[in-house]
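Chains here go by letter, A, B and C, matching the order in which they are written, and residues are numbered from 1 within each.
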Amino acid sequence: MSYANLADLLSFSNPVFRSYLVCNSVLVLKVLGVAPLIGRHRFAKKIFLSPEDAKMIPGAKVADNDPDIERCRRAHLNDIENIPLFFTAALGYLLTNPEPTLAINLMRAYTAARIAHTFVYAVVVVPQPARFIAFGIGYVITGYMAVSTILKFF
Amino acid sequence: MSYANLADLLSFSNPVFRSYLVCNSVLVLKVLGVAPLIGRHRFAKKIFLSPEDAKMIPGAKVADNDPDIERCRRAHLNDIENIPLFFTAALGYLLTNPEPTLAINLMRAYTAARIAHTFVYAVVVVPQPARFIAFGIGYVITGYMAVSTILKFF
Amino acid sequence: MSYANLADLLSFSNPVFRSYLVCNSVLVLKVLGVAPLIGRHRFAKKIFLSPEDAKMIPGAKVADNDPDIERCRRAHLNDIENIPLFFTAALGYLLTNPEPTLAINLMRAYTAARIAHTFVYAVVVVPQPARFIAFGIGYVITGYMAVSTILKFF
């Protein structure tokens, strides 16, 4: 199999590579954004996980069963179960020399789906299948990118 | 210290780099594969973590103490505690210009060990030390790669 | 916008790139180091999460509510919520052609802050705001790197 020139793919003149860098960074900020969502509930409800945290606030207690906090923590966990996989899968996919419009739209769709996932899970609870669809879009895109990479380089 | 030419290492003609891309993508698919393992138990047992999920299925309930589901979730968590570290450690290691046969076999061994880890943890429960060995192989390989990278570039 | 030459940035002669590889690997080893912290408590207290683990040790039991073990597990979880984001954010930031001294010191500060985070969370429990400050330094650096990347490549 012949390959494209790697230096052309990993290049600032390749719009797919620039889009990869931007989508990654937007996703980084999105995951960082879950921390204040959790913190807001913790300080409002005075519920913490570690005794040294509860000592900061008079009347605070230690618990791990508040529904709002645990919901945000599940959104956070789902992010870290998925988004680092995208960083890696999308890099491999980018190196398969994909059609640029498709590649850029897949990366944007992934990013939008993960933002929507956090929104319907941890900001405004939207009935299913809203979260299932948001999760599924990201899941299918990541899988497609990983399979494309294997088929190209195996 | 002299370095190899980076363009030769990050090159499609470098079999170590192609192996890195393939192993990463196999690992991405492996982690993605844990989600249906968890979902299968959730729908069979009608046990979910979020009320909006339980509302989809008549008779479903919200709980976080089912042994089969929690076992799969622990396998998933162990993946994300380890596999993103490999993506990074193996990239650094690849850039140390390692002996190609060793490098390729280490990456394949890591990938096989993580697949075995999921299998003995979440598919068919195998008595210890099966999981301990699978975890340990991946752990030692990741540590070796990180140490090699530091020794080369510090 | 004009860009620096990518081959000059991703180069062994770029001290920022070498620092990136070293900091990443130190962080990999730091996260790996949490596993023996957890294991030490598990074997000393004979408390495990999976029945097949408890079967290895006479008198061991299955539980998930030991304060020392759960504290180490929270430190581990916080690592994986944050450190893979740094790997990605710092790569994008590196490609913005940052001032080298600033970039190297940001990466070293991040690495030191995460080591301190683990220390005050899981090794010697230090009253707040010690952990809050350690977390915050890493959080702000990651966010700054992601924003810099977006501003450069969007």
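One rule holds for everything that comes next: a contact is a pair of C-beta atoms (placed from the backbone, for glycine too) under 8 Å apart; a residue touches a chain by one contact, two chains touch by 3 or more.
It should be emphasised that the depicted structure is a prediction, and the values quoted were computed from it without experimental measurement.
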Chain-level touch network, classified as line, ring, star, complete or other: complete
Angle of rotation relating subunit A to subunit B [CA atoms, steps of 5 degrees]: 120
Centre-to-centre distance between subunit C and subunit A (centres being mean Cα positions), rounded to whole Å: 17
Per-residue overlap in subunit B, given as positions that touch at least 2 other chains: 7, 10, 77, 80, 84, 87
Residue ranges of subunit B touching subunit A (in the complex, touch as defined): 7, 10-12, 18, 21-22, 24-29, 31-32, 35, 49-50, 52-53, 55-56, 76-77, 79-80, 83-84, 87
Complex interface listing, subunit A residues touching subunit B: 3, 6-7, 10, 71, 74, 77, 80-81, 84-85, 87-89, 92, 95, 121, 125-129, 131, 139, 142-143, 145-147, 149-150, 153-154
